[in-house]
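Have a look at this one before I ask anything.
Chains here go by letter, A, B and C, matching the order in which they are written, and residues are numbered from 1 within each.
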């Protein structure tokens, strides 16, 4: 009998909880031995659970270059996330993963100029890539990040962005919020429009993550600017239960989002039924 | 003219005159028995069929169909008309948009009963009213209709139409014997508690939780069933604990009590042939015994005794041990 | 090749069940399903189609994955897997046997599903040739020969006898244990019967279904207007998926037991159910047509795309018999047949 089965999780412990926005918290997780539970690649996911409540799949927000712990930025929007938002430091959780195909950070992305576009909690999966690139800065070209949220309070990782990202060389950060608010001096407007205004050259490789409507209009905008579909990537989110391509739930066309994704190139998505 | 042609003509006539936009009826399948409910339009009446293998009760489809634009004609067998009325009284379907044509029914047949006679390759099944002529495995045999009736048609409740704007009846429909309807329920009542528990344990242990009984049931029209609600704590899909199946079927029976018209679809569609209709029929019998005769769906105005308080209602304690 | 009189089969069942748990078609309350042999059970080996397929033997309708003890903010993981003891599944038809291969390609590919694998390895499969195939059978379409199923042992019910042929080492080992009940025989009668079976199969109505349209562009099939009409009467129940020998979708759920232990189990799920793809954030398949299409696209297009052209249907015909509204895969295949009638 095998000692391991993918469906049997390990126990991990939450060592830090940070409130990012009114409905997003970032959880720092280590194994019971105090070490990082497993090694992952940017864009991969893991199943978290509190037994008795249920399991759910979340993208790993921390960069693989972080050797101490994993981080998950989680928005409160369902049964499991609601309970996760109520836990305190020291709470044990169960964990299995990492799952899915990561962003091609060491192959396709290497040496390229990169444009990241995120909306709301959509920054969570991209933060893993962005920080990976910051830590291996010499392997990549110029970087532009366009990130927007409904309000300034909804911008995830605002502190890290302001204090750290903005100080990196050849690393431009463009923040925007949907509507004007008193204490905000930055840009106001929707992400897809802002992407066009920023005017990043169409030779960049683009990575999108956010609500479907944002993806749709940003994609259209990028194509208008002359970006090629083979240079545009996104990450999908569907209902998943097993995380290993067996339970059938995230099946779209001949792909399983949990196993063959969640990261897809736009040319791959074009070949799939429009069901994501 | 045969009933099939009359029914088709009626559909054509209504569609051609523009009195209705769509017709809800049955469509011929690939073999002698596998007819399916279907929507027909003026331009496409291909495969239109009405014969002894049109058991599906079309009433429930009207919940969605009558929300759509335009008028729709529906063909209903006598027992289906009760479901229709019940749905109208529960405001689930829009009567104004629907033309009801009542159809003669001599009792629908169950292909499974034919195959269970041992036939392997069936070429043809012909309806000779009292007898059914089967051509199969190189021979021709006549079987009495009663022996091949769908479970929902055994002990038919009535051949009267509860509602119909028009009817198509060629051959006289014999009114069923009222006494036979509850005969099986009475037998179950005569059992000891242990025997009865064993009977249901045995039957319900076959349940595969496919939800066919619920999804077909014209009385089950909740937009979000409690058994599908993850927050309900009882949204089980598992059959590991056999108590769960009992709970599922018993809760369902309670929920439709007083509203179930006894159309028998639950038993007809059960892949494991669990006689689920007997649970509902027991409730109907109890309602009759305790509150006087009541047939759900007979009218759209009469209140179901379980939701209608009268001073003459018997006390719960009087029912116990009855 | 060995044989045993049908009237002596009880002795065979008893002999096998002394050494192994024995699962085979058993009649209960009028219907036949695979169940554990016991002397009081009514075995029905000649039943062509059990209501549920034998996939439960490896992929039970519900099974515990793992248990948890929760104490304050502490969690203990309890591995509930036990060493699987060898067991025998008898009476498996050729279609259902092929379905094990379809399931293997899901559960035995990396990452391995040990719950499935452990049961699969522990099983001794005794197949049973279909001497009396019926109208709803169309296994031939998928290249299955119902007259000659494989498995560890193959049996044939011919006249008054059951013929027994071991195919594998596991099969030989089981045969050795029960050989005393058999008489030796040549395979002449079996060969003749096989010929007769193949003739019967060729005369069935659905054995010449054309699958080539499903090799067309995936998106063309997906976007076909035919799905609307085909799915019109679908109730969204799970009858077809639960009786199907190849359907493998499952849900993972939890149950808190009376002693506080949390049991995490998996149970069959159905892509026909409205909540199958529902998330806190949305629902990619909002109509029954989309769900219906997913089921058949998966069986006839997506699965073959990922599995060297192997279809996720074995033509057992259970869905043909059990759909409450008589919708089934045969109608889908025929609707896409270019020579067939156009809807």
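Definition applied: contacts are C-beta pairs under 8 Å (C-beta built on N, C-alpha and C of every residue); 3 or more make two chains touch, one makes a residue touch a chain.
All values derive from a computational prediction rather than experimental measurement.
> Can you tell me which chain lies farthest from subunit C, using the average of the Cα atoms as each chain's centre?
A
> Need the central chain here, defined by C-alpha centroid distance to the all-chain C-alpha centroid.
C
> Report, in whole Å, the distance between the mean C-alpha point of subunit A and the mean C-alpha point of subunit C.
Computed value for the inter-centroid distance: 39 Å.
> Quick one: report the Å distance separating subunit B from subunit C, using the average Cα coordinate of each chain.
30
> Taking each chain's centre as its mean C-alpha position, how far apart are subunit A and subunit B in Å?
51
> Using the touch rule from the top of the page, what residues of subunit C touch 2 or more other chains?
Residue numbers touching two or more other chains: 251, 253, 269.
> Going by the touch rule set out above, which residues of subunit B reach two or more other chains?
230
> What positions in subunit A touch 2 or more of the other chains?
If we look for residues of subunit A contacting two or more partner chains, we find 79.
> With touch defined as at the start, can you tell me which subunit B residues reach subunit C in the complex?
29-31, 33-39, 46, 56, 61, 112, 115, 120-122, 202-203, 205-206, 208-212, 214-216, 228, 230, 236-240, 265, 268-269, 271-274
> Applying the document's contact rule, which stretches of subunit A touch subunit C when the two form their complex?
Residues 1-2, 4-11, 51-55, 77-79, 81, 87-88, 90-94, 212, 237-239, 241-242, 244, 246-249, 251-254, 271, 273, 275-276.
> How about subunit C: which of its residues touch subunit B in the complex?
28-31, 33, 51-52, 61-63, 132-135, 200, 203-206, 229, 232-233, 235-239, 241-243, 251, 253, 265, 267-270, 273-275, 320-322, 324-328, 330-331, 334, 341, 343
> Can you tell me which positions in subunit C touch subunit A when the two form their complex?
The touching residues are 65-66, 68, 70, 73-77, 79, 81, 83-84, 106-107, 111-115, 117-118, 218-219, 222-223, 248-254, 256, 262, 264, 266, 269, 271, 276-282, 284-285, 290, 294, 297-298, 301-302, 305-306.
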